[in-house]
Amino acid sequence: MSEAKKFLYVNRKAPYGTIYALESLEVVLIGAAFEQDVSLAFLDDGVFQLTRDQNTDEIGVKNFSPTFRALGDYEVTKLFVEKESLEERGLEPSDLQEIMYEDEDDDWEEKPSIQIVSRSEMADIMSDQDVVLSF
Amino acid sequence: MKFGIVVSEGPYTHQAADTAYHFAKAALDKGHEVPRVFFYHDGVNVATNLSVPPQDERQIQKNWTALAKANDIDMVVCIAAAQRRGILDENEAKRQGKDASNLAEGFRISGLGQLIEMGIECDRTVTFGD
Amino acid sequence: MSTLHTVNKSPFGDSAFNSCLAHCKPGDAVLLIEDGVYGAVAGSAVAANVEARAGDVSFYVLDGDTKARGLAAGKLIQQVKPVGYDGFVDLVAEHDRTQSWL
Amino acid sequence: MSEAKKFLYVNRKAPYGTIYALESLEVVLIGAAFEQDVSLAFLDDGVFQLTRDQNTDEIGVKNFSPTFRALGDYEVTKLFVEKESLEERGLEPSDLQEIMYEDEDDDWEEKPSIQIVSRSEMADIMSDQDVVLSF
Amino acid sequence: MKFGIVVSEGPYTHQAADTAYHFAKAALDKGHEVPRVFFYHDGVNVATNLSVPPQDERQIQKNWTALAKANDIDMVVCIAAAQRRGILDENEAKRQGKDASNLAEGFRISGLGQLIEMGIECDRTVTFGD
Amino acid sequence: MSTLHTVNKSPFGDSAFNSCLAHCKPGDAVLLIEDGVYGAVAGSAVAANVEARAGDVSFYVLDGDTKARGLAAGKLIQQVKPVGYDGFVDLVAEHDRTQSWL
């Protein structure tokens, strides 16, 4: 197999109303085993996937938001969240759950996986990929 | 009051079938009647008995089947929509020369006239879709 | 004679909510369900559209759907009232017809 | 059976990209046999259903637009099209196909089934129904 | 060039499966390779062999089966997505205790790894969805 | 290094097209397919957004989809070029990656 490719998973849809967010996460988890260079983009309604304190008891749908916190264990550590998308939706970065990973290159220091980026930075990230998978 | 319910999207992919289920249950709990639920568009896919979701997810088809049985709900799947999408009862499978069928218990296949009839005979018609 | 309107899609991704607001009449009610509940978030780019109609239209949000999405009551526009599935049933019964903005 | 109910079929989606427009039309055709008071509303992207000169040869999907012209034979004669929706989409009423019916109460005179209405008139039409079916 | 194709929506309801089909055909006509098509989300419903659309509509499943056969395309249906939606091959049906299966000829059921592998090994990956 | 963006939903009903325009870069191409072709109609409420980017981004429309929807060439924004499925394949091959705005 050739060297690692850059994979970007683009998340533009809200959770629960449709299954795309959950099934996207399932791809990310499986894909982690392939040791590619993986990034996740959250923009537009996709930023809603990361809100804290999701409680799905009343709607009877499985709450998959804790799974995002496990991504670090799969070495998926680059979650880019678009600032403008948050603002338009009345959200602050503090409305998102904390997602951490241990950086093996920096004495296993705990670092945040979520990076808030501007729309223009998001465009740069998108244009620097080999494979873009949209859900 | 009589509530007629339309489900227009498939299970798991959209929340519509879930919301419709919770709505029907709440209506029945309040003493209303739900004489019929009509499954149209991708909603017909709710009626497949071949769905095997993970154990920790809700069982959408089984929940509907149980609710209908307990409350005598007529669950109608549109025949034209079902044929396009591959939902067949035994008779239809035979007629079409297919050696398998997949319509779950509690559902029946019929025509769009049942949707109009529901609209005429119910006090309220509520659509759940996307 | 009044109508219950339901909206189930995010107002940021889909035009259904704005179209609903443009077509509902004084005395009508709008119930936000599923991903439609994002229309009830305070301080968003569409919140002003809700506030502008809140005088003559009643706004409701399906409580289970806001909780699922992590939207605490304090995050919501003040004039929007939370209801459960039982409240949804009451709203359908109280209005003459229900129009789903799919 | 009680007296006729007012049924409104609301069309807000474009044709071909999704099946809703076609399957909505199938309901209207079947529903016509029930002798209710039927109206069709075309607003938002639904106005695109009525454009003239649709030719689906290249995409391999069945062209169902001629069926609209048959609605008069089923006594479905009230097709309300929203003016503002047309304008936002760069369409004129002349971009829509002509749909006629013969008025049995007026010596079978040919009359247009399409009525262009304002958004506010559309809201009035919607609020004057017994059953609203949305596709 | 090698094109990998993802189909994310079900047949007839969305145009995605049609556009993907025409795209794959055009790529092959131009001498490109289409080693694999991956069906995910509602795209798995393309693979049902119980669909019986009206005679005057296109036969989406049959068209894909024929294209794959003629061009040696590996058509993979995601197992997790298929189980939720009721698409089963014979083995899976047996394993789940179902007495019917509905996976059409030319499709095979496998895991999401096949999607990643396609992304790695193809020069381009194109997604058709909604 | 450039990207082909595809948009398959109407810009009047869905925000995908506007988000695509806000994220594509000079030298990229945008191909409108399926219901996305409505974004190419001249004189619409979104036409100005296309015209504003037409200097640095190339716009294409899938010909079969415009014909299906009754959009004659004369109805389309001048800077948008029609292509067939074969042209779609070429665009994918010519750009380094394809991003679908679903």
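Labels for the chains are A, B, C, D, E and F, by order of writing; each one numbers its residues from 1.
Please note the rule applied: a contact is a pair of C-beta atoms (placed from the backbone, for glycine too) under 8 Å apart; a residue touches a chain by one contact, two chains touch by 3 or more.
Bear in mind the structure is a predicted one, so any value in this text is a computation, not a measurement.
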Practice item. Identify the chains adjacent to both chain A and chain E in the sense defined at the top. Key: B, F
**Study point:** More contacts between chains, A-B or B-C
**Key:** B-C
Exercise for review: Quick one: point me to the chain whose Cα centre is farthest from that of chain C.
Suggested key: E
Practice item. Starting from the Cα centroid of chain A, hunt down the chain whose centroid lies farthest away. Key: D
Check your understanding: Would the interface of chain C with chain F count as same or different, where same needs over half of all numbers used to appear in both copies?
Key -> same
Practice item. Could you give the separation in Å between the centres of chain A and chain F, each centre being the mean of its C-alpha atoms? Key: 27
Study note, to complete from the structure: Averaging C-alpha coordinates per chain, one finds the centres of chain B and chain E separated by a number of Å equal to 26
Check your understanding: Out of chain B, which residues touch more than one other chain, so two or more?
Key -> 8, 12-13, 15, 19, 22, 41, 57, 80, 125, 127, 129-130
Point to revise | Junction residues of chain F - those touching two or more other chains | key: 8-9, 12-13, 15-16, 34-35, 64, 84, 97-98, 100, 102
**Study point:** Residues within chain A bordering two or more other chains
**Key:** 12, 16-19, 44, 59, 61, 130-132, 134-135
Study note, to complete from the structure: Every chain pair meeting the touch definition is listed as A-B, A-C, A-E, A-F, B-C, B-D, B-E, C-D, C-F, D-E, D-F, E-F
Practice item. Spell out the part of chain F that touches chain C in their complex, as residue ranges. Key: 12-16
Check your understanding: If you look only at chain B, which of its residues touch chain A in the complex?
Key -> 12-15, 18-19, 22, 56-58, 130
Check your understanding: How about chain A: which of its residues touch chain B in the complex?
Key -> 16-19, 59-62
Revision key, fill the gap. In the complex, the residues of chain E that touch chain F are 1, 3, 8, 15-16, 19, 22-23, 25-27, 29-30, 32, 124-130
Exercise for review: Report the residues of chain F in contact with chain A in the complex, numbered from low to high.
Suggested key: 1-3, 15-16, 19, 22-25, 28, 96-102
